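Structure first, then comments.
Per-chain numbering from 1; labels A, B, C and D assigned in written order.
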């Protein structure tokens, strides 16, 4: 088994400009936000983000010019802080393309990629303008003659997933909700894990049933305690309400946003949330 | 903030909505809510304590019948895992709906039309919007596949209840729509006022609604929350997390 | 949460003649063989069995006239005892229809049922005579124009799965390999769990990540220690080589087969393997 | 039964086949076998101890790089779970192959033709067979999608290596075929003898093969198992589980 441990900088350097990039977690929960900060530091450009429901990660990558497109079902800060300000602005001004999905259609596209097929049929979607707006096609079922919407395969070039526990070969435990992380790990060409703690893989042998991610599907492992901050990480820490409120407030204009990014991300020590 | 056990004033919209939504749930049903859904979270927990103990409570965290110790403002929060005995994924929940086994989905819309269709995508043009909204999350998939969809919207005005949607994010099996002013029921594909909340004037309701509705002094009035409902609601949501839905746009 | 515990007899009485019946486990491992014995006792007829790789279960249900069709990728006793004698005989004599699958096409059909879509595209299958022989159709991908084989939805009326540990509401742990059991549980209209031991569901709250099956997807729970016998059950017991050798030997003619079934299944105490 | 460390006699077909199959595996490859596969199990474990320590060993139990304490005769046996640090499902393994990430699949056939296609379905007519075979298991899906397929067959006779299959269960990316008599390599879509096992007469090989092959005294001879291979093989499979494949039809 191969040791895949590396630094955050080295792992993120492997994300090419223009990559289709899947981000694990959901809204403010167990997202790979330390890795997102490193993407900002490395000034990635042209990324197409893939997520079912994004928040700070998608918003920040839009606001800092890293993202060119967003394939997601939802981008916002829930009832906490409302709309995602940078995402909204960049889309409205035409600098970011909103490839709106239905969450389930993100899942369907990932499933097609996982299964090596060009498309995935999906239930629902009837009556929605999304298929027409997004160019989702309908196929006739050869068995019943019925029409069914099909979603094209969505194969991320890179997936970044943050977990609570991993070994150096990429076997990983996720505590709490797994979101779409296991789909992303399977669908992507290249998989980066960031982990709260590194553990000896021997400890997984006692209960492999509890290991969510198989190391052979993983390409790089980064030890990143606090790696979901300023989001939360189940069992370890909540999202950082103060920071997020400041982030939202800083979005009031470009100068304050840039100042916030410079001070709190670019010039900051990679922040490790206390827990 | 209300206190335990007192009848809610007619204008305590969060409480009125939570109770009205809760009453729509039946024992034994499987019920799901997604992100940004404090009212459905509270309504479902309330129904489970009252008329629907055998209801299966599902949410975006993948917990099943959790018993949260504190209620989170984010409805994706791991606080919603407490007490669950298994975990499913969001994928499982969409699949469940797709094969016709999800009884109720709670969904919302920035705009809602008389057919009960919703827009959560854009104000203006889809490709170059005036306002980019968060997106419909699971609604385009769930609205046609869940057996019953309950919509809720904490604003009841002509910008929310519109004659024409800027974009149809989702359409489907809408059963009821709960607002701060009334409960709509969908009959023959169109929303009708089923009951008007206590203290709301029929004229006001009509004026706030962007499509034609039949409402007058004879319209049924939503029963006020019972003492039992209020006591239980205060136990479930002592910090009034439901108010967070009224704090923002 | 509803108490779904019942007796084996009552649980199996809910399987109608003619049902499409999915059986968990794989070859001689963690199959619901006690439930299969009860199907034989209750003289079910016209069953269509669904399994990726079957052995004793499929063979016995064919030999006793319970099964009318078998949708499986493989039916045999591996290198232990070779071909499945009753299955082979009943198919060759036209009493059982072999709806041969490619294992993965069973999975694809179950996936379509799970996802509420009429068909599932599947990679591979090129060059095989199976699609023509089984009537699997090809659909044109509307995005690329390529053809792709699609498998029709395969929705079992009933799935029976044997697990090591379950509570009365159907939450269950599986130790070791899960095979296609989780797909079957999701795809079937009605789900019967048999379990080595019943446990208090409260114990699952400490680590819900380790619970493989969610109770709300389950309809009946039967306590059945030794319920995989004469197959094996990971962590508890191996398959019963003596019994299986005797079973194979009894297949030499109809009389000895019938005698074996009468003595060792119908007239036997429902056997509980010692461990 | 052979003993540790002695060179295998030319007629020790199980050992010759296990070693020949093992040599076809490269370091870093992902390798899968399914049911009824003692020889691939042993060959893969052997390769991992010798030239391919970084090989990822996958099998139908869903274990990854297990270190079994005893080798099971059934290759679905939980004995193959020991030492695994994660579990995947058979579904995962098919998916892996389907998206082009499975390097090697070991498959077999009751009949094999010169194109390397296999029949595991029927002798005679598909609908009303003379002999109903067990079925191709995963082969129809894996043969076209795994990057390399290694076939093995413990009988080398004209009923196994046929001019015409009764039914094409699967066809695809066959790279090598290992038998008790030789190793075939597929070039330009046709099987050719790559090497003949030591002690096997070219005439015998031709006579046992139902399609035309080029084989004569100049044909390469499969290198005999090395002492290292034999020692390691005896450590891995002290009970000669590989012999079980030769015991039955």
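Assume a contact is a pair of C-beta atoms (placed from the backbone, for glycine too) under 8 Å apart; a residue touches a chain by one contact, two chains touch by 3 or more.
Predicted, not measured: the structure shown is a model, and the values here were computed from it.
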Per the touch definition, the chains contacting both chain C and chain D are A
Given the two chain pairs A-B and B-C, which is bridged by the higher number of C-beta pairs in contact?
A-B
Nearest whole angstrom, what separates the Cα centre of chain A from the Cα centre of chain B?
27
How many angstrom lie between the CA centroids of chain B and chain D, rounded to a whole number?
59
For the pair chain B and chain C, the C-alpha centroid-to-centroid distance in angstrom is 41
Measure off the straight-line distance from the CA centroid of chain A to the CA centroid of chain C, and report it in whole Å.
37
Which residues of chain D are in contact with two or more other chains?
63, 81, 87, 97-99, 145
Two or more partner chains touched - positions in chain A:
115-117, 122-123, 176, 209
Which category does the touching pattern between chains fall into here: line, ring, star, complete, or other?
other
Which pairs of chains touch each other in this structure?
A-B, A-C, A-D, B-C, C-D
Residues of chain A that touch chain B when the two form their complex:
26-29, 52-53, 72-76, 78-84, 87-88, 91-92, 94, 98, 100-105, 107, 122-130, 133, 176-180, 182-183, 232, 234-235, 238-239
Footprint of chain C on chain A - complex, ascending
112, 115-123, 137-144, 146, 148, 150, 152, 173-176, 207, 209-210, 212
Chain C to chain B touching residues, read off their complex:
1-2, 113-117, 167, 169, 171, 186, 201-202, 204-205, 208-209, 211, 213-216
With touch defined as at the start, can you tell me which chain B residues reach chain C in the complex?
30, 54, 56, 58, 63-65, 81, 83-88, 92, 95-100, 145
Note which residues of chain B are touching chain A in the complex, please.
34-36, 38, 60-63, 73-78, 81, 87, 89-91, 94, 97-99, 117, 121, 126-145, 167-172, 244-245, 247-249
